[in-house]
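Beneath this line is the structure, given in structure tokens, with notes to follow.
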Amino acid sequence: MAMKKAPQPDLLALVLDPIDHVSITQHVRAAEDGAVVTFDGCVRNHSQGRGTLYLDYEAYETMALAKIREIAEQLHEKFPIHLVAIVHRLGRLQIGETSVYIAVSSEHRPAAFEACRYAIDTLKRTVPIWKKEYFEDGAVWADGEMPPAPPETRAANPAS
Amino acid sequence: MAMKKAPQPDLLALVLDPIDHVSITQHVRAAEDGAVVTFDGCVRNHSQGRGTLYLDYEAYETMALAKIREIAEQLHEKFPIHLVAIVHRLGRLQIGETSVYIAVSSEHRPAAFEACRYAIDTLKRTVPIWKKEYFEDGAVWADGEMPPAPPETRAANPAS
Amino acid sequence: MARCSLAGYNSLVTLPMQTARVKVLFFGRLKEIVGRAEDSVELPDGAPIEFLFSRYGAAHPELTPFRASLVASRNQEFAAWSTPLHSGDEVAFLPPVSGG
Amino acid sequence: MARCSLAGYNSLVTLPMQTARVKVLFFGRLKEIVGRAEDSVELPDGAPIEFLFSRYGAAHPELTPFRASLVASRNQEFAAWSTPLHSGDEVAFLPPVSGG
């Protein structure tokens, strides 16, 4: 059997504690890199004209982590990047706290920018995480995006 | 005379000391923001196949700061962003140190991404800063980009 | 291995209907409607995900309007509603995602 | 106000040639060639930036090959080489920039 290639030391995680931007950014940043681009998704104090109190995030954790790993793999395939970190927080988040933090390092800046943008755009469409927004006058599950589903086949074909 | 509009509290600076990513990022990040995108330009340990020892950055300081302010103004005109920080370091930089750091906050992520990218791309073309790269076997002024110059007019027309 | 049809098994076949035990997960609004995050159910082996959802729809009619906006998964992969289920599968009905 | 032509002033005009004192800045490679970062020079009032550069080119022939890759500035703004200079102006010859 072939030796497995050593995994890229990307940092891919779901966490409950506040996100530490500094250590995550340091994780991807090396002497060979000329660029590090980061995206910090924060809890806004308002949503569609209503004042937000806080958010609750929940995830289908095993699948969410698998989908985040898929995104990291895609980044390495599509862009000449060095390392990527994608960390999403779950549980109750207060205004101003970071819900998701993405850091990408690369030799030249276009790859880091494009990969970071691709990562958050794909995460928002494909990673099974949901947020419930709490306002002074109620709470709603945020409108979300429909992940791409595989095409339907004919109704299950009973084997004989 | 009309009152001057209060200046946006953008953070625009040339500095000699190491760049503090955390305080700069905090500067642009507010409760109304949903996204913060940052670009960290770092000194690579190599350039065009040669091992780099360190870099010296110098600037036409008054003009560089004026051009950086122009970039910030353009960002506010072109993108629905909240705040921007653009900090460039001058003097001697070691491998891994940050030469330029840009942070942009916005309500939604596309503006922060696009503005941050626009800022570094424009800075690299228009801000009078130069770097000299020191290698084990010599030093060179880095190949740079020609800033856009105003079109020439006819030779100066002596007034009578 | 004999499989039943969805309408029931063929009574001419003497083998008993194969059943499958699958784990079902609910998230977000669906979890609130069904009143639980996790379930374990028995269904005819090979029955599609759609069949499983219909069952929950029968028990919780409030679910039905969500059907068009849901995506299904089987074993942590997005799956067509026609995907057949077997014992040990983990199924989830995923509302539009809103992470990030 | 009388202005001289670049070739010298018209001797029929009895007013002395107006001169302008401008500050000149050098950066990067140019600073190394000229051997100084800053200079203060007198030149005919209204002479274009090009005229000033030619003067330095005469004194430092190594400068001339750089001309095509330089951009000029006047008072911290990019300026055409034909821009006329007046007293108090600050001029710089900017090599291709390589910040970031």
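The first chain written gets the first letter, and so on, giving A, B, C and D; residue counts start at 1 in each chain.
Rule of thumb we're sticking to: a residue touches a chain if its C-beta (ideal position, glycine included) is under 8 Å from a C-beta of that chain, and two chains touch if they have at least 3 such contacts.
Everything numeric in this text was worked out from a predicted model, so none of it was measured.
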If you average the Cα atoms per chain, which one ends up farthest from chain B?
C
Centroid from C-alpha atoms only, then distance chain B to chain C, rounded to Å. What do you get?
54
Inter-chain centre distance, chain A versus chain C - centres from mean C-alpha coordinates, in Å:
27
Can you list the chain A residues in contact with two or more other chains?
41, 120
Inter-chain touch pairs (all)
A-B, A-C, B-D
Okay, in this complex, where on chain C does chain A touch?
1-6, 25, 27-29, 46-48, 69, 71-73, 76-84, 92, 94-100
Under the touch definition given earlier, write down the residues of chain B that touch chain D in their complex.
41, 57-60, 62-64, 66, 88, 99-100, 120, 123-132, 141-156, 158-160
What does chain A use to touch chain B in their complex?
21-22, 25, 29-46, 95-96, 107, 109, 112-113, 116-117, 120
